[in-house]
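Look for chain A in each of the two complexes below; its partner is chain B in the first and chain C in the second.
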Partner chain A sequence: MDQSLGILFQIYQSLLVVALAPLLTGWVNQCRAWLQNRTGPGVLQPYRTLRKLFHKDAVIAYNASPLFRITPYILFGCMWLAAAIIPIIAVDLPFSPAADVIALVGVFALARVFIALAAMDIGTAFGTLGARREMLVSFLAEPALLMVFFTASLISHSTQLPRIVDALAHHQFVLYPSLAFAGLAFVIVLLAENARIPVDNPSTHLELTMIHEAMILEYSARHLALIEWASSLKLFAYIAVGIALFAPYGIAEAGDWRALPLAMVALLIKLLVAGAGLALLETLLAKMRIFRAPEFLGTAFLLAVLGLLIHFLLGA
Partner chain B sequence: MPITHPNLHLKKLPGAIPAWQGEITPDDLQPICQNVRDGGGRLVALWGSDVRAEGKCFALHVALVNEKGLICLNVLLPAEPPNYPDISGIFPAANRMQRATYDLLGIAAHESQDQRKWLRHAAWPGGSFPLRKDFVNDPLFNPYELDAYPFVQVEGVGVHEIAVGPVHAGIIESGHFRFSVVGEKVLRLEERFGYTHKGIEKRFESLNVQQAAKLAGRVSGDSTVAYAWAYAMAAESIAAVTPPDRALWLRALFLERERIANHLGDLGYLGNDVALSFGFAQFWILKEQVLRNNAALFGHRYSMDKIIPGGVAVDLVEPGQQTLIEECAMLEREVSLLRGIYDEHAGVQDRFIGAGRVEPKLAAQLGLCGLAGRASAQSWDARVQFPCAPYDKLDVQMATYRNGDVAARVIVRFDELFESLRLQREILAHLAQGDTLSVPLANLPVNSFGVGMVEGCRGEVLVAIHTDVRGKLTRVHPHDPSWQNWPVLEHAAMGNIVPDFPLINKSFNLSYSGQDL
Partner chain C sequence: MLPLDVAGVVVVLWLALGLLGLALQRSPHLIIRVIFPIGAIVSLVLAATGWWALNELSSFAILPLGLPDLPFHLRLDPLSAFFLILLGGASFGVSLFSAGYFKSMPSNTLGLLCLEYHLFLASMALVLLADDAYMFMVAWETMALSSYFLVTTEHHVPDIRKAGFLYLLIAHVGAIAILLSFGVMQGGHGIGAYTFAAMREAHLSTFWASAAFLLALFGFGAKAGLLPLHVWLPEAHPAAPSPVSALMSGIMLKTAIYGILRVTFDLLANSLDGQQWWWGVLALALGLITAIFGVMFAAVQGDMKRLLAYSSIENIGLLLVGIGLTIIFHVYGKDALAALALTATLYHSLNHAFFKCLLFIGTGSILHATGERNMGRMGGLIHHMPWVALLMLVGVLSISGLPPFNGFVSEWLLLQAFLLSPGLPNNYINMLIPVAAAVIALAAALAAYVMVKFYGIIFLGQPRGEAKAEPHDAGIWERIGLSWLALGCVVLGLAPVYVVSQLDLVTHALVGQKLGNAANGWLFLAPVDIERASYSPVYFLLAVLGVMLVTAVVVHYFYHGRLRRGPAWDCGFPEQTSRMQDTAEGFGQPIRRIFEPFFKIERELPSAFDTHPRYHGRSDDRIWFALYLPIKSLTEKLSSWASLLQHGRIHLYLTYTFVTLVVLLAFV
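Presenting the complex of A and B:
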């Protein structure tokens, strides 16, 4: 395999995810608008928001520590790294062996620890409130996510994402009942981890109900832009993981540049469908009481464990 | 006579609603209030006035209501000190009104436990009182010292405070909410308002009857029709004129359309607050249609300035009648569909049911009124109990519910919406004919008092007018039902979780501007 071509693929994918992530967020928002009978701001709105925020002067509280300032960069870096190690257009990227699925969960957790600490750094009631709620949601979501990955790992006998994708995409077409349960669990985790309805509401202005938004209330300008971008990257990464695990068909082998156009088209179609599906879910559901979130995520964990059990019982 | 008391001599006031007025001494205030309370009555409004120009001192005015009608008490206060007995022990809602009256006039309820400032946010010098006639209106006020405002502290392990507002994350009016919480559970909520105080009552002093009608219509923008009508009713009561029949029917049409528009908007917001943006968008499309029809037919989206003292300023001309009949049919169809969706949406109902419950007993004790009151079995509706023309011919059905939670307030909103649509049909079918839309209002008689009360979308809106020795407006007091209902919201939030508060708040949907004045 041509190492330099692999690196080229890696660079290409890394730039692609950074550029495409806001578009996915814009697409989800546009779909929501259409489903709600609104015109919507257009799919390019997140880019306009980012441009606006990067042009503003940052306002930072007097008592902010350096942690508050560096967190947006750490957050952005983590999400970018996560999106870079997931096989999105090609398997066997040079970065991929550096981190397996467990490390991926760890990267998400690292970002979360920093944003929660930064939220409490200023000392406002809302930051602490948001951080507390974020932890309530995430300590239940993380184990469920790990269980989903374990189910996929058992099928492919590896915790390396490229191996998993390779096993699921390039062998003969098989239906795995265990993956169906894991898929359901993964959708629930995706909603919770990305601050989507029914766990959180990304478009709310009601400060008392916020989870993710409450943590970033004190951020402005470039810091806020990086956080928003990181949120888009996180959603992109989650959907990419979902695609890699449950619908990897069409992905290119590393170095096989002829498969690249097809892989791109396949990726775009999958992202469009996933985004529209997410918007549909968010339109149909109402936000639940915050203390229902543990039940909701408990269901995710239960489903993921069921997936594991089924794998052992049926061997599929 | 609505009540009997040996020291109370009531005089019937002319006008569209049953109202009486009587003069009493401060010593009789508490027994008479207790008498009304024991008979099931409520406090509607409390305000003061400076009558030193008439050789008296200050006067306190208390408007009470029982099933017979409005009882307006004039309490002449002694010169030194100009104090009166505290009635917040009888009517808890009086607390904030008494404090606001002190801020504006310097007359205090002695023996009251709570003497904190209510309206003064350092916009005028401490120790001077804007509604006194000798107040110097200096436009170059510097920022003055703020008064201490100690919130009630809740002590205990793990209890902390969340301070929200007066600047909020969304575009809403200014108010401060202080939550004492343990975890997510609200132990206590205390509100502080007065941030939108604009000096409306002071401004009224320098306006004539027609100009004041415009100002009355701007006290609380979404209730402009209710305020304009209540003001016109008060002015017509003093001047002893009756507007033409057609004008009265058109007023009722405007008022019901205001209720329809606001209820549609509130139902949309309630969907939005549980993140069901679908409901928000659908209800607001309908509200927008109502507002556009208003603009096309009456020249203003909210029908502002269309009710004037003596009548109305605009007629309903063809094909307006047809447009409104079609709008009614469309709204009935669409709202029925949307109600079905809200009712059957498990997620929405899970959020609505049980949230922000106000038991009927508590509601009665605190004097919860209007829509929120009716959702807690407080069956008061001025259109039903004191039907002025044309409501006396319309047989309004009151919507009430017992549960007192968010779901109950949603149900009452839906029921009232359908009732208002039915009323609009009735009004359109029986609209009195005639060419005159208003009668001229000559100069008001000297030293007189008039009062008007209208059931707005939140509850009863009251406007009281006093004239001086030259027949000019010397004191106009607009009263919003939010005065009574904001304190009850504090109780409704207790025991709920913090993220449910915006939903509970929205289910009351109270006015900031209307009570800060």
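Presenting the complex of A and C:
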């Protein structure tokens, strides 16, 4: 009984994330438009874009290899998996023992390596430029993310996300100074990994500054739709991780399906607040030079290591 | 019939095959098509023997060979058995590949090469089987010499001779240290104490035990490529033929890891107690520096084999981190954690053997197809060499530590060992460990950078420069060899539970504890506790593949699968040439810029008015200039002083003899 309920939870959450992810992106864009005194396209715009893209004919370059064509599917699969294993409404997800936080970082890395390779596949100047910059940003962001997870795992004595969330949400309320450092580091990583200002600008095609957009220039139609959807899922996954680690309150306990509606409401509020916060951050910050990015991310890495050290020193 | 007998037969067979190859040098076809494939089957037999021996009791033998009163002792215990599996499993693929690869070699070289190749394999097996210092050193030296001759196969090229000499020199400096280490361990107990059995029994004082450990670390470190003894790797690997680079990097470096494990956890086991925690810290620190150094330099290389050589240095660093962690846990009596760290180390050794052999022999196919080692003149090879491209993609993903391939499993285990480490009685180490974990994570992330560069520049994009017009894909033998190693990477990635259960036999023998698996069944890998951490590569793979498949079907069913081809868009820029892509150098530029102080950079920039602009850049290793060149000039100075005595005239030397005699007589 418990097992089948868990599987239901898992399926429900998987479908929920894939359906909600573009909405979150739309919400962030809408908030940003409001903050910048624009009307904005409405929160449903990402769905309309996806629909339009799926209907178009795909055009790919003459020399595109099979790797180029399969990458959008890999990306989508990886990001969906990532978003599906993060506990956001309930802590019992039967799939989560298959992939813990280290594997979660691995999923992100797998997707990143494939998109970088696909970007190099056509052999255009922008493609390789984007791939190089993406790898540059990630080689500092990835260890920082891992250190953030380590801090949380050391507190909860587990690398499994449901256990971590369970420990942080349902046990006695304690303030962890190490988590404060980790939280700061996590915000920086979130901005960098999701191609947000100040590291990248999601709404530009200005050649000299783009990273993520440079990598996907050659994609069109359904391939592009899947990549855009995967990007939404990635943003959703990162925000979900942030919620799970730093504001897990309100999540349903294991086997407690009655708490589910409340957990849904809590989740929606948290997502709205986080999305608005992200838009605010993006509006306040300015895009930095690409070679300032390593310093920025290096700060995140050091903050995360500091958090870990503090945990070892204070035991909290 | 014991496993040891079979292993002995394998060694003899390899030697016989080598000699047969020398005898058959008039018929190169036979060497290629018969001897190498048979050698490969012998490898497979050896791997099977190792597997068998893992589950048996240790077996011993004394050979009636060697000097009078100094017979050779052999022993096959779980540690040797594990490394025999590694040797057999990886060399099977490499030998099959060689059967296709060496076909263009001139026949007089081929016979000799066949002898050296099989002698090299046999000597590595003997290193693993040796049970006394004498036999070990003989096998070790045979290994060094046969590999030296293999490296200098193309000895008519001066650079290759130079690379070979550097390798030989460092190998021998290391061998001296190993010999001294054995000398310390036998502790002056006379000739009977040169067997490993006697060393195991001996109780050394803390000082002498530490001396033995440091000498062994230095000696084996020279073979493994530990900083600052790494300088031979990036020279020797590009010089050697690709299958030889594969054997050296994938397997021979592991014999050094075997040596460190053998000395630390077996021969010095009696002397290892709480006072030796600093051994672990030293190994850990050296490993971290080596790992980060290796990957940093790999990122800026333009030669594909040098890049892989530096990547080997990185992986050796990671292995040493694992060993250091094992020592720390073991001396503090936390044997469950020691077992975890040791499992990660052994697992990574096996993984590295497979993916590094795969990548190195893959560069061999590329070299044959394009005639180039410089990545800056490649590009777009995925269209001409789809097989090699696909199989090497597996290797690239594995070495980058990405799930669900094998590199991820060992990295995962190693990180788990770090996460479980709090609570050691030494606060100093407790502080070091999170920093160490951070460095490991950084090295792993940089490795992905390096591998994207490696694969992207070679296989993707448009062809750069004027390489051969139409590169051809690898032949059938080469494909089989590559496929075997790629299959190994996948299987080791998907069946970690079984592999760990086999490694348990080794860890039990070395640190007295098994890692075990907290989960039932073979799907979930869960060291220590299922609540604590678990990973299931099979479910992982099924989930990603399932989502991909469903997505593809849904997209094509509800919408359409129409696809057109056109010129690349590239933001509307009208003219695109292959020179607009990143070169190997360009792709590594951010790393060079960020870590600038670590490189010795030499740059020649063209002026803005130059009609034939030429850019030239070189990033060198500072250690070479700061450490090796002073040693070299010191040696030269000393030898020039010594030459003051040498004039080549016989009466002068007779005078020296006479003076010496008179002086001695005066003393006596």
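Basically, the second predicted complex is superposed on the first by the 314 of 316 C-alpha atoms of A that agree within 3 Å, B and C clash if a C-alpha of one lies under 4 Å from a C-alpha of the other, contacts with A are read in each partner's own complex, and residues count from 1 in each chain.
Rule of thumb we're sticking to: contacts are C-beta pairs under 8 Å (C-beta built on N, C-alpha and C of every residue); 3 or more make two chains touch, one makes a residue touch a chain.
On a predicted model such as this, the values are computed, not experimentally measured, just so you know.
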item	value
Touched partner set for A:L5, first chain B, second chain C, both or neither	neither
First (chain B), second (chain C), both or neither touched by A:L208	first
Chain B versus chain C as contact partner of A:I197, first or second or both or neither	first
First (chain B), second (chain C), both or neither touched by A:Q36	first
Greater chain A contact set [chain C / chain B]	C
Partner chain(s) touched by A:L217 [first = chain B, second = chain C, both, neither]	both
First (chain B), second (chain C), both or neither touched by A:A167	neither
Which of chain B and chain C A:A125 touches, first, second, both or neither	both
Which of chain B and chain C A:F291 touches, first, second, both or neither	both
Contacts of A:D100 with chain B and chain C, given as first, second, both or neither	second
Residues of chain A contacting chain B in one complex and chain C in the other	125-126, 129, 205, 207, 217, 291
Sites on chain A touched by chain B in the complex	32, 35-38, 125-126, 129, 197-198, 201, 203-209, 217, 283, 285-292
Residues of chain A that touch chain C when the two form their complex	54-55, 57-65, 67, 70, 73-74, 76-78, 80-81, 95, 97-100, 102-103, 106-107, 109-110, 112-113, 116-117, 120-129, 131-133, 135-136, 138-140, 142-143, 146-147, 150, 153-154, 157-160, 163, 205, 207, 217-218, 220, 222, 226, 291, 294, 301, 304-305, 308-309, 311-313
Chain A partner contacts - residues on chain B that touch it in the complex	160-164, 168-171, 184, 271, 273-278, 280-282, 285, 345, 347-348, 350-351, 497-502
Residues on chain C engaged by chain A in the complex (per definition of touch)	379-380, 382-383, 389, 393, 397, 400-403, 408, 411-412, 415-416, 418-419, 422, 430-431, 433-435, 437-438, 441-442, 444-446, 448-449, 451-453, 455-457, 460-462, 519, 524, 526, 530-536, 539-540, 543-548, 551-552, 555, 558-560, 562-571, 573, 576, 578, 580-582, 586-587, 589-591, 593-594
